[in-house]
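What follows is a pair of complexes built around chain A, which joins chain B in one and chain C in the other.
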Partner chain A sequence: MTASTLAASKHLTPDAPARSNRRSNREGFRINWWLTALMLAASLTVLLPLYFTVAMALKSPDQIGTGTGLAWPNPMNWDNFAAAYVATNFPRAFMSTAFVTVLSVLGSLASSSLVAYAIARNWNHRFFRGSFVYLLSAMFIPFPVIILPLIKQTALLGLDNPAGVVFLHVLGGISFNTLLYIAFVRSIPVELEESARMDGATTWQVFRKIIFPLLAPMNATVGIFAFLGSWNDFLLPQMLIADPALQTLPVVQMLFQGEFNTNYSLAFASYLMAMAPTLVVYILAQRWVLSGVMRGAVK
Partner chain B sequence: MNAALPASLLSRRSLLRTAGLAGAALMVPLSGCGAPPAAQNGVTTLRFMQNKPEVVDHFNEVIKDFEALNPDIRVVQDFNEGNFVPGLVRNDPPDVVTRGFAQATADFVKKGIFADLSDMPVAKTIDPKMQELVNSWGQYNGTETSALPFSLAAAGVIYNRDIFEAQGVSVPTTWDGFVAACEKFKAAGIAPIYGTYKDPWTLAQGMFDYAAGGALDVGEFFTKLNAKGAKITKDAPESFANSFGPALPKMLQLASFSQNGAASKNYADGNAAFAKGQAAMYLQGPWALSQLVAANKNIRLGSFPLPVTNNPEDTKARVNVDMALSITRNTPNMAAAQRFVNYLLEPSVVNTYNEKNAAFSPLTDAPAVSNPQISGLNAAVQEARYFQGAVTYFPPSVPVNNYIQSFVYSKNGEQFLAALDDEWRRVAERTAV
Partner chain C sequence: MTTTSRVAQTAPPAGPNNPTSAAGTVRSKSRIDPTYYWMVVPVLALFAFFITLPALVGVFFSLTNYAGYGDWKFIGLMNYVNIFKDPAVLQSYIFTFVFALTTTVVVNVVALAIALGLNAKIKWRTGIRTVFFIPMVLSALIVSFVFNYLFSNTLPVLAERFGVTPLATSILANENLAWLAIVLVTVWQAAPGATIIYLAGLQSVPSEVYEAADLDGAGSFRQFLSLTLPLILGYLVINVILGFKGFLGTYEIIVGLTGGGPGMATQSVAMRIFSGFTGGDYSYQMANAVIYFLITLLISVIQLRLIQRRGVSL
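What follows is the complex of A and B.
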């Protein structure tokens, strides 16, 4: 609820002070009720499923089948979290998922920004233009088509473990992330680099000290895409990681879904625990996500 | 830019070199730890892939007991069945596997993925009729035993004992008796059967399989159909059109006894509603029992095989080999794997598992099931009056469940069976060698 009103008021306030000089004060603070109502309705699409998740996680099995499902469970069954924690061996699965995610994010940021910088600044070379098209063409290959060969190759390289998942996440993200970065690097004036070179900076120093810091909004965008994609990925870890002890959270959570039986309360308790880091990261980073997306889009 | 070219070229080269070195450094230690050596300090590590996530805890206990008796073997359990095919691709599949036994598993058997277990002494303790359920899917080289049944799920009609007693209805043993019972419930304002048509598989394993299994010999029908292969037409005596006809009116009659609005209910709805006593009977297998009890721990349930003819001797239960034990052919730990399979099939282990999970033990001298929820199916299982569901014989490329669903709505049996014949021929043509 608060998020939506915040968003609605944000939309209205920026130009309000400027206008208020000429128009009446009352008009400047007028609330656009239609827009607010729309935002309220839109926020329900997020809040309602979230409510169900929380309510479900607190229900005992016999509370699940009763009523419409909207009712808040009474008494609340906090034991679900403990049971899900033990059943999934949460700390171990969490560490494995965190390992995959952190390295994927760092790897995506480092590799894609370097590639994008190289391509954008060498656009006059046919080789670099070609390599850009080559990287982009990877986006047209559906992932399930190549999964079995990938499994074979990673096994031969000894990468049938979370490190292999990191490697493929970074690799798989390069085409899209490079696309985002290149658009952004082009908007950075070359003069900035030239002045650095006058002072004797090498290409690496130019990239490290000038370009990379200027890429910050795009880094946030790419980092968040990489984080979400990596944290929530199911298929790749499921197929690739051979040792069940190293399996990631989304796969371990399959524990609660049998062919004919689903343990809804434990499943949702476990989903909530797995969602927590994503929520925290989003709340902390949403400022940069939005600004980053818009910058990339306009320039 | 041009002035800086030599410098940038140099750094690009050094960059590539650094990247290459870093890549190589990353690979070397990883390839070392890729596949842990199976035997470490004389302890053999077995990987055990098991197909039912809901019994992970039970098997953890079983494994603990096994390891206490066999300190030289460590067993790692994995319930991520999606990793089985990748394991084969890696040429590093789990050592011991349990799988539900039907079409998909039979494909692995035909390709020789599993080792021959016929020489193992425990193979002799298995009821030959249950072993035949596994073997009927095809044997590698014509003689091998690729899997030993571990758990047999028998499905019939789940009924609410309280409603039956309140209405003075006893368990029907003939089709006419069954119809009379349904009419009685209907007259009393109780839905006779809870239908969950929104999930097509419930129609397939329920009314379709039960009616078909009662009306014809399903196993024999598919053997003949497979022999005919791509030459099947709807006029042939082996066709669906000429064999399944008698089952369809009974199916529609079963459908007519479902509650109003069955079309919009799915399996989870059905479990919740049936647990609350909203119908007298439920065409589901034992897998639903734990869900029903979870939703209402006071519910008193029973099961009986659906009589489809008026001869009680004909009444059969629908069974499926819910778990069958296999050892992968190329396992480097064959001896340890066999010891584990031997242990799992010890009467105390296998009978306990099945008693706890409302299933039937495959051992010849297994005690009669005492669980009142499924004891009604005892006689049928002991006398081998059972069949494997007709839908389990279909290859996944035939959307048989959806055809069944559309038949229940349209009631056009001729079109339904003709479609099955067409689909079967289409797949047979495509897969013929």
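What follows is the complex of A and C.
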């Protein structure tokens, strides 16, 4: 059964476009224009809020006035970005978010691939199988359940800062990531390792030089999920980071939710600056990102 | 996700892949390279400390009258008894369940429609696909802030202009309609994730099946009902359960749209639990968290059952 599912998923994962092309060739190259029009119209539901955000970010308070906010501003007001940059202390929030995200991604890649490798290669040993089941238990414990004691615990340890958030991002994702990796490690033939071991390589070396590079596609998948989850997370930074000066970008946006704040152009400029990094990376690398996410979905 | 199916499927055939098994099970116990332990044990220790320990501490304090500070003593199951009599908690559970059910249905209908569209013969497929998946990379909180403005300013102005009086005031301020705004934004945010799973499902259906159906003269709607839907049923089950579980924990989008209001009309269970940190009812909300945990656990058990059954039927 495993063999067949693995084979099936391998067959599916790499080039979804190639496969669907084959299907569309079935009846020649007849393109369904009605459906294309419908999909284009539907995609406006995504594009319109984005357009609105950009338009708002470029308006002066006067231009917002009491209108819908949908009109394109003339003239465009670029000063909002500079003002938002100062108001949110953007560089500091950005660095804090980048710190959390980079370390979470690296931590997730390193810890789950190591754990998955050790477990997959010692599956018939009780300790490793038990560890696997234990780690999976995290999938059944939602964060709201542990958050109150967690806040106290991290505060006691002096981890009420971005470093504490990193720990929880890595550990919170470990069950899902290990799951993804284990299936992949199993598809790597043991013979590859054995020849290296005969040349005197230690288990560490085998992992670093042979296994980890072979895991590259899964590293991409795990990395993408860890990146998005970490960069956009609101709950854990908001709850755990005690010093407002160290808060991450999403949490900093709460600044504009004060009851007396009516400077919407400033707020939208700030929203846009917080959303831009992931948006730009995604659009530049969309093929790579989507195939990575797809690989996660198939498992 | 497919937790158990993976466990169940992979357990038996793991043997041949495994270096130690070739040597026989007797030796495997004593001959494990200690390096393997070094790979697992630190992570296990951190995991126990950061995830398991708080869970146990939480259960412990749910049996006390701890307010979050100061002295406390054991009060047995009193917190649990009180929770069942608390209309505010009950209200949050009702809201959360109605919201999660509605959102699950809408997300899956929308996601399946998008997946079918993306899988069909359309022009500019890559571009359209890129657009549809954008919400996946954006922060739910910030997206909610944007929609907050749309709902409370843009929509009323438009409604007034076109004479649609019911919408002329912000729906976020309307006790009966605010939750629909939350559903809408959650769908906007969550549909891409479900779409990806459906796309994987649709691409797993061999094209020969459709060729045969074409020959038999089945129309596309008929093909969808009798072929596509049954063949991707497993993906639908995964989406429904994953979605439902996720939507039960909804938090950020509510914070960004209504903050739980108006009144307490849109306060989710998660928000009530978090209020225990500042509200002086720490132990009480811990009991609430334990109940919430038991409910999600029950759903997970159902999930495992359903997925296992799917594994058998496929």
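Observations on the model:
Just so it is clear, the second predicted complex is superposed on the first by the 219 of 299 C-alpha atoms of A that agree within 3 Å, B and C clash if a C-alpha of one lies under 4 Å from a C-alpha of the other, contacts with A are read in each partner's own complex, and residues count from 1 in each chain.
Following the convention adopted for this analysis, a contact is a pair of C-beta atoms (placed from the backbone, for glycine too) under 8 Å apart; a residue touches a chain by one contact, two chains touch by 3 or more.
Please read these numbers as outputs of a predicted model, since none were measured by experiment.
Look at A:V190: by the touch rule set out above, it reaches both chain B and chain C.
By the touch criterion stated above, A:I151 is placed in contact with chain B and with chain C alike. By the touch criterion stated above, A:P250 is placed in contact with chain C alone, chain B being left untouched. Shared-chain residue A:A41: touches no atom of chain B or chain C. Contacts of A:A82 after superposition: neither chain B nor chain C is touched. Put simply, more of the residues of chain A are touched by C, taking chain B and chain C as the two choices. When the two complexes are overlaid on their common chain A, residue A:T202 makes contact with chain B and with chain C alike.
In the superposed model, A:D62 lies in contact with chain B only, and not with chain C. Of the two partner chains placed by the overlay, only chain C lies in contact with A:F52; chain B stays clear of it. In the overlay built on the shared chain, the residue A:M239 is in contact with chain B and with chain C. In the superposition on chain A, the residues of chain A contacted by chain B and by chain C overlap at 66, 114, 118, 121, 148, 151, 190, 194, 202-204, 239, 256-257. Across the complex, chain B is touched by residues 61-62, 64-66, 87, 114, 118, 121, 148, 151-152, 155, 157-161, 163-164, 190, 194, 197, 202-204, 238-245, 247, 251, 254-263 of chain A.
For chain A in complex with chain C, the residues that touch the partner chain are 1-3, 5, 8, 12, 16-17, 19-20, 22-24, 26-27, 30-33, 35-36, 38-40, 42-43, 45-47, 49-50, 52-53, 56, 66-70, 111, 114-115, 117-125, 127-128, 131-151, 153, 167-168, 171-172, 174-176, 179, 182-183, 186, 189-190, 193-194, 202-204, 207, 228, 231-232, 234-235, 239, 249-250, 253, 256-257, 264, 267-268, 271, 274-275, 278-279, 281-283, 286-287, 289-290, 293-294, 297-299.
Only residues 1, 3-4, 7-8, 11-12, 15, 26-27, 30-36, 52-54, 56-57, 76-80, 82-83, 85-87, 89-92, 100, 267-268, 271-272, 275-276, 285, 287-288, 290-291, 294-297 of chain B touch chain A when the two sit together in their complex. For chain C in complex with chain A, the residues that touch the partner chain are 1-3, 6-7, 9-11, 13-15, 17-21, 25, 28-29, 32-33, 35-37, 39-40, 43-44, 46-47, 50-55, 57-58, 61, 114, 117-126, 128-143, 145-147, 149-150, 153-154, 157-158, 188, 196-197, 199-200, 203-204, 207, 210-211, 245, 248-249, 251-252, 255, 269-270, 273-274, 276-277, 282, 285-286, 289-290, 292-293, 296-297, 300, 311.
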